[in-house]
């Protein structure tokens, strides 16, 4: 019954904040596109502690961003798998 | 030598904050489009005190927004006048 | 699984349409079925066959076209979004007396009912926007 | 005064192109000269004559066209932005072997050099974007 | 189109201002289309989306159609589960009792429950 | 085109990420065009625009061209007044000494001076 959330905006936008307010324990959060710029700060959000955290490797590589150990890099094939493993997705943009 | 700044984004965006950091005494700030949603809070910014503050009446009317007395409503004809009275403009979007 | 991909954004102006393309390609490569591609709002620009990026840049419109042809995908451009944005098929161009019909032959103009249908008949819907 | 208006945004997807139109109309009404309209980035969609909004909605593409015609304005659509976004004139459509040329006859495809020229020869440049 | 089977529960999260972009209108069109096919609909306003609920909009001044008027027609299409996040309303100094249409002010936790009970969620 | 007279001072404020939208590339194209016509150019990175300066970008992974590589060619076009706002850099934990190209870290006050001394300012 869990949800996959994707966020593709930097901290200049309120998309991640909205997502974190409504994401619940067991949900997954995948940072894609410009969302990967928030990988290093997301673990500071209390609400992020109960989520499984991922970032799209193609997008982190493109931008020269390295990930903290709490955020798992995945590729597009694994992104598809994640989408299938969750009951639904919410794309925050 | 003064500058006309326009801002067309809500507080969900960092456009106004950037504008306020670099706008200087004697500059004018005109809120247009979604920027008019910041009319009621802009006077709380210390940097806004040294600026002449305007909001585009067509956009406040459209959105049902009322202005504090510190922000002057102007129409498109006055917007054109403002643009001509200043040496340059910066559109923050 | 049966997946539907909803695309809200134009090529070039944001990365989202490219991400949707990569997601779709990867899903097909993994053996999933794409029930429908639905291009909505600025996403309809993905169906504009007149798009001509520089030769050394990735041609997303062409890539979608080839993916749709190869896998015989059902690719719908939302008709009300597309009309506003000037992406017409020959039939709509004739109806509205417009000279140019730029929509690619791989795409079909249709309404939001096709997205409601996709909700019902897909296992998952994935949205991409900016 | 001589004014140049730079438009970065498409109709319908944001209000910015509409604001640019109102600003331009008001400047002309006040007796100012519009040295140039320059449509850049997503702004080139303002020059797509195939745009067909619902009849009860404001038709911004048509409004631009009429304003340009009435006042004989110099209206330039940035060629590299327009090619990417599939807004071609007949000459570019022929050159790139595309079937559809949807750019309105009131607009001219040209390069960013025309914006540099406008910087030099206008008293003010006003930008609109989203 | 394949035959529509049993209705799905669809939650729409509308997070955009009414006139600054076309997103709010595009979201409403999706809602109306789902309503026409008799789906179970939740419509949630969050963040800048609550500006759509501001009273006394007069968008004729910018040649736009009144989005709040269109929203007020939703009950005619049997769209009755309309929510606005309390935190988003209060951050914008919007009084839930003085909005253009009747909505249920709710917490983020309540929105989380709506999402969990949905087959499909759209955010725009 | 009318004859170009004496060069103008043009300041470009680049506030967008390199690949999330086409804005950063569009801003760079404007800079290069102005440089080709030998205008006096200031290029300022603010807010998310400083992400364009991140080292070790490999945008081939998303089929994009390397924007930071293009930026590094700017001195060849005599664009040497390149600034990044210190506050924007530090907010993103970017070290001015380890960026993809050489820029002058500067205060918002310094950017205000650049604007005041410009004939035209573009923000993208």
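Labels for the chains are A, B, C, D, E and F, by order of writing; each one numbers its residues from 1.
Just so it is clear, contacts are C-beta pairs under 8 Å (C-beta built on N, C-alpha and C of every residue); 3 or more make two chains touch, one makes a residue touch a chain.
In this text, all values refer to a predicted model and were calculated from it rather than measured experimentally.
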State which chains count as neighbours of chain C and simultaneously of chain D. E, F
Hop across touching chains from chain A and tell me the fewest hops that reach chain D. 2
Farthest chain from chain B, comparing Cα centres? C
Starting from the Cα centroid of chain A, hunt down the chain whose centroid lies farthest away. D
Looking at every pair of chains, which has the largest contact count? C-D
Averaged over CA atoms, how far is the centre of chain B from the centre of chain E? Could you give it in whole Å? 29
Per the C-alpha centroid definition, the whole-Å distance linking chain C and chain F comes out as 33
Report, in whole Å, the distance between the mean C-alpha point of chain A and the mean C-alpha point of chain B. 35
Overlap residues in chain F, where contacts from two or more other chains coincide: 19-20, 22, 47, 62, 64, 119-120, 123
Residue ranges of chain C touching at least 2 other chains are 8, 12-15, 22, 41, 80, 125, 127, 129-130
Shared interface positions of chain A, touching two or more other chains: 8, 12, 14, 33-34, 58-59, 88-89, 91, 93
Interchain pairs in contact, sorted by label: A-B, A-C, A-E, A-F, B-D, B-E, B-F, C-D, C-E, C-F, D-E, D-F
Chain E partner contacts - residues on chain B that touch it in the complex: 8-10, 12, 33-34, 37, 40, 57-59, 61-65
List the residues on chain F that touch chain C in their complex, please. 19-22, 62-65
Listed in rising order, the residues of chain D that touch chain E in the complex are 12-15, 18, 22, 56-58, 130
What does chain A use to touch chain C in their complex? 8, 32-34, 56, 58-59, 76-77, 79-81, 83-84, 88-89, 91, 93
Residue numbers on chain F that touch chain B, as the complex places them: 13, 15, 46-47, 85, 87, 108, 111-112, 115-116, 118-121, 123
